[in-house]
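A, B, C and D are the chain letters, set down in written order, and residue numbers restart from 1 in every chain.
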Amino acid sequence: GGGGDDSGDGGGDGLVIGFAQVGAESAWRTANSASIQAAAEAAGHELKFVDAQQEQEKQIAAVRDFITQQVDAIVLAPVVETGWTDVLQEAADAEIPVILADRGVEAADEDLYVTRLGSDFAEEGRKAGAWAAETFADDADGTKILELQGTTGSAPANDRKSGFFEVLDAEGLNYEIVDSQSGNFTAEEGKAVMETFITTHGLDGIDLLYAHNDEMGLGAIQAIEEAGKVPGQDIQIIIVDGSKAGFQAGVDGKVNYIVECNPAFGDQLMDVVESVVNGDEVEKFTPVEEGVFDATQFEAELPNRQF
Amino acid sequence: MSDDPIVQMTGIRKDFTGVRALDGVDFTLRPGEIHAVMGENGAGKSTLIKVLTGVHHPDAGEILLDGRPVRFHSPGAAQAAGISTVYQEVNLTDNLSVAENLFAGREPRLGPFINFRAMRRKAKALLDDIGIDLNVAAPLSSYSIAMQQLVAIARAVDIEAKVLILDEPTSSLDRDEVAVLLGVMRRLAENGTAMVFISHFLDQVYEICDRMTVLRNGQLVGEWATADLPENALIGHMLGREAATLEQIERTAAAHHVEDEAPLVQATGLGRKGSIAPYDLEVRRGEVVGLAGLLGSGRTETVRLIAGADRADSGSLVFDGEATGFHNPRTASARGIAYCPENRKTEGLVGDLTVAENMILAMQASRGWARSIPVARRDKLVAEFIEKLDIRPANPDMPVKNLSGGNQQKVLLARWMLIEPKLLILDEPTRGIDVGAKADIQKLVAELSADGMSVLFVSAELDEVTRLSDRIAVLRDRELIAVLEAEADMTTEKIVDTIVAGGHGNE
Amino acid sequence: MSSYAKRLMWPVLVLVALIVINVSVTGFDFIVPHVNDGRLSGAFVNILRRSAPLLLIALGMTLVIATKGIDLSVGAVYAIGAAIACQMIIDAPDQSAAGLIFSAIALALVVTAVIGAWNGTMVAYFGIQPIVATLILMIAGRGIAQLVTGGQIPKVEDSSPFTQLGRGELFTVPLPIVIAVLMLVALALLTRRTALGMLLESVGGNPEASRLAGIRAKGITVLVYLVCGLCAGLAGLIGAANLGSADANNGGLWIELDAILAVVIGGTALLGGRFYLLGTAIGVVIIGTLEDTIINVGLSSQWQFTAKAIVVFVVALLQSPEFRGWILKPFKRRPAAPAPAKEVAAK
Amino acid sequence: MSTQTLTERPARSTLFDGVTRYIPIGATVALLLVLYLGGIASFPKFDSPQVVAKLFIDNAPLLIIAVGMTFVILSGGIDLSVGSVMAFSTMCCAWLTVDAGLSAPLVVGLVLAFGTLWGLGIGAVIHYFNVQPFIATLVGLFLFRGLTLQISDTDVSMRDIQFFHWGMEHLVEVGKIRTGGFWLPNLSFVAFAVVIVAFVVLHYTRFGRGVYAVGGSEQSALLMGLPVARTKIGVYAVSGFCAALAGVMAAMGTKSANPLANVGAELDAIAAVVIGGTLLTGGAGFVLGTVAGVMVWGLLNTLIAFQGDLSSWWARIAMGVLLLAFILLQRVLARSGEKRRT
């Protein structure tokens, strides 16, 4: 990249990297930002960090600012999949490589970014689905499911939902969605919605709660406890993310299955960025290592959680 | 001029929540005549006008314009139909320039675009025509309420309408503008414009009007040719009682203020740049000091400094023996100074609050929010003043904005009399007040000063000033030019002379 | 008082309608509470409990609006209050120490009150338009909250008595409800038993006239914003206690809109002047009930906004005399009841 | 009749008086410059002309809704629906062209018509039924966000509709950014056009002056016989149209529709208008002030992006502090020309 020289205090061969982050909407997100900032620091790069507060316009603006600043590489965590063509093209024209972190963009724009590093929400949904499918395989009277969706319209919400039910259908599990509402990824609304579920449907006969993230799940757990039921036993619970708190709940037996969505890929990202800037060949998609954990593993895993 | 009427209103009824403002009123206006609508405060004059011009919609009755039944859904419609109106309160948009106010809605245009140069030129001409000279590009808000009233009149006159309605246009004008206005009206009358004229100044009415319609409590008392209705007969019809009490407030006051002791107010070199030149003024205990001057002469500015409404930037003020520079009205009223501002709409009343609340506002403020006035006490005070000032309707819980202009003024007065101040500053207190009430208020002022309260009295009515004051401060061009002792032989002419002479040689 | 009742009539009707809808789909135990292990529960009680923070904020907002003002920062202040308390508690070794809990709560309330006072000062003394003055903290506030929590979501142990603030009960009545109602009563007394209410309405109705009448307009303005900040902080504490955690970013997100909405539904005009605390309370319950209704009648979450829009619209129209007159015109032919006075004739 | 004419000089000397009206906007512009120069002083590449150009690329839609908002606020009202109307319009563009396969120009026409009609409708409700603008338009905020989500709860791409590529075509391109050049797309010029038209309408037509009059005092405007109804309803129509137009511009900007786009845009617009020196109480302000307001808004964000080492929360706090400093300075400057009496 040509811009290396004006990286100011970036340090000798340190790169100037622009990072357009989605926002700080969840603990996962802030952990992710922290991890990347730390990694850049460690690698001696100068990171230009912009928090777009979940607005695509702000992200596009940020990328344009990076272009004007002629950074060496741009890392983008697109808040939505479509609408990036122009700005990515502008980056390309300015000969600045773009690396996608976390979420992806529509296929048609594939040749406008170098590589993508991140999680696959649909995959996470499938993982959750797979566990549910086998756990309830021999549930005669059909599996009654409550779902706490993420923010309506957001990529994780859509994919985690579709992935999940895709598998259930594929496995031919006999299930019924008792209710499915958005808890906006927050504990506050997760709890509120769960309370209403409980008053409208009751908990008897409900087999499974699928929460698109930790916070909603934890909120729901409280609602269940306050309704005098035992989360994890009276009703099985799957959550996605795997924060400390989530695992803690697991250890306490309140959660049955955790699909990890790993925010701490800062170092991995820096490696990719460096090789990209050095012009090495890189895969189009580098998945972040992510695991799934059931009751037997919570105890052991808890200490390794960074967020 | 007894050809068939332009405007014919018959059996008009208008109900407001709680009040029947008009009850079966008939009104007839003939071409080229100047027709006075007379009545006490709250008689229904303004409502009659508002019903005619589509602000309010009558609950019964019909309106004929040129013999054709009409019912305007908005003042705009009335204007379009040839009825141009100056409403009682100044109703202009003071964020716009004078010129824009004069031509709002009918600006001279080039194609679709307003031609500002032409507009300013026409505005200037128009104002010259009625003999005032303002910077037409300046926002209206920078002019005194009196000037605003004149602008409103100019606007209405310029809309060449077949009917011109003036609701208390002269309430804040002094003799010269009044003369100008009456002149304009005569001219229009000759060109066949029919006019409705509402005023509490009987002399003006008798000077200019051909006929009058008298209302009382929303009902029609009758219609007379001016010639056939002598003044006290008229007053009798308006008040519904005999016109006894009026005209008999001989000023015994001059006797009772004590010379020797130190004056209550002692202003030396008090002034404010760009507003009023430094002046010396003293007010003794129990004395009524009148401020006389032409419009914009700075009377209001003068008193505002003493009241702490504006900050003085020069001079010193000694009040009640202590040197004080009042920084805000609160400290002033705490020390016993009451300031009753001239513009009741913007500076005086809180329209949404009730009559009672508006009355006790100042007293409550001085007590602080924590110690609210005991209900019983409050009700007693309010009732007392409603009765004393004869405020109608005598309903303390009515939103004050629903009161008639004059009654609103009385509420404002009550607010300040209530706190029994040492110094009462009245700026245009009798603006828009009917004959009866005016006499009452003047008597009240006399009594108060007799009981030892000092009064600073600003009024555009020179004879009022002369009648009430022990001494008269004369202002001109924002400068206090003379203070005249009001001996028995004091006359308005003397004051005018002083103003014209620029005060020099005098005293 | 009768005018007061008239003001409240329409919101109450709408509320009743909502309740009827719910009862008809979920049966009577929507409205009738039942006691299980020593605490009232049931759908409606839950709604009230969840609405408590909104009510607190809306009450403060009512006073601010009465002075012709508005406070956009309440959502952020909510987050700050929550963040401060939770962070302080989890930083301590023993999360159940009474002293700690109290100092945490006290600190949160003091800070939020100061923030409120700051807003008030900007408005009263610097003469900055309320919407801008409070916009500043609306933007920076959540940043401050995140700063406190370091971007994490501090989770208080469920064992900590702090959580009682949101989950506990007093004589079987959930604490949040108790607190909110106490605040309602307190403010009602503060404004109606003293002259504060009248002075507020005066300042809101005509600031210049109030100044000339000798009212301490600035002082009062600051006081009102301070109270509003305090309410927001308290709301934040309750919210946080209820969850046992503080989400700096999403805690009380957009609650300012709901609060203003509640105030206006309750009959207080945004132009200042007359205010109705009780009306605000009803507005809050309407909003709370509405959100449950959507779920109860089985609408998908996409419907939330649409349904809210419809209800708000209905309330707004019902409250408009002009609309009622227009709708009823065909029905009332007798020239009886005098038409309500209109200052600005809208025809 | 008397011969003497009365003179009354306005409370503030005439010359000064002419100026005072321009003080808030003057202050805004001055501070805007300070902000810009500060940026140049502290960051390399900040002097690139693209920094300025960018303000009008990314903020073109915001500028358009802010202009519409200016009309409403000047008339003493407020319009909270713009953000949602904008998102809804964008979504309709995508839906009607991609899914329903209508021709793009037709769709754009429909969308603009819809925006205007919505404005007319809600304006009528506000005026004839005396519903508070805040509430009436809040209905729009909820309603159109809801409808947008019902059309699609995921983002939709319009990349295949050629028509929508027009917006981002570089109308002006001077050199390469690398070499200190800059470019501006068509939609920036649409925004400029909107501003100019708005300016002319507000200052040189009866409708425009009527907006100021109604904002000054609706009661008085009515009694002066001005067409209050037409004016009040008109401003909401203007705002609705602008919101729809901004929606179309957004569609062209990204060639995609996102159901969660522009959440809170109404606040950005209001902020921009008020920062630009327009009084929320109505009757005083300038559309050019709004332009300055939008530029301030964008410039603050740019500064933070250039700074770049701020964590999410420090960025927000910085934004708040900058805004505060700005408002206070603006206030201090404006104070000098304050009116003494009202």
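Some notes on this structure:
Here is the rule we use: contacts are C-beta pairs under 8 Å (C-beta built on N, C-alpha and C of every residue); 3 or more make two chains touch, one makes a residue touch a chain.
Predicted model, so just to flag it, every value in this text is computed and none were measured.
Taking the mean Cα position of each chain as its centre, B sits at the greatest distance from subunit C. Set side by side, A-D and B-C show the greater C-beta contact count at A-D.
Put simply, the C-alpha centre of subunit A and that of subunit B have 71 angstrom between them.
Each chain gets a centre from the mean of its Cα atoms; for subunit A and subunit D, those two points are 35 Å apart. One finds 43 Å separating the Cα centroids of subunit B and subunit D. In subunit A, the residues touching two or more other chains are 23-24, 30, 33, 152. Counting partner chains per residue, subunit D shows two or more touched chains at residues 149, 153, 219, 222, 228-229, 311-313, 315-316, 342.
For subunit C, residues that reach two or more other chains under the stated contact definition are 146, 151, 208, 302, 304, 343, 345, 347.
Chains that are in contact with each other form these pairs: A-C, A-D, B-C, B-D, C-D. Subunit C contributes residues 72, 126-129, 131-133, 135-147, 151, 208, 248, 257, 260-261, 264-265, 269-271, 302-310, 312-313, 316-317, 319-323, 326, 343-347 to its touches with subunit D in the complex. Across the complex, subunit C is touched by residues 125, 127-132, 134-136, 138-143, 145-147, 149-150, 153, 218-219, 222, 228-229, 267, 270-271, 274-275, 279-280, 311-317, 319-321, 323-324, 327-328, 331, 335, 342 of subunit D.
On the subunit A side of its complex with subunit D, the touching residues are 2, 6, 8, 18, 21, 23-24, 30, 33, 37, 46-51, 54-58, 60-62, 64-70, 80-86, 93-95, 106, 108, 151-155, 158. By the touch rule above, subunit B contacts subunit D in their complex via residues 55, 74-76, 78-80, 85, 87, 91-96, 100-101, 104-105, 107, 109, 112-114, 128, 131-135, 137-139, 141-144, 147, 155, 175-177, 179-180, 182-183, 274-275, 294-296, 310, 346-347. On subunit D, the positions that touch subunit A within their shared complex are 43-45, 48, 50-51, 54, 57-58, 61, 149, 153-157, 159, 168, 176-178, 250, 253-256, 258-263, 298, 301-302, 304-306, 308-313, 315-316.
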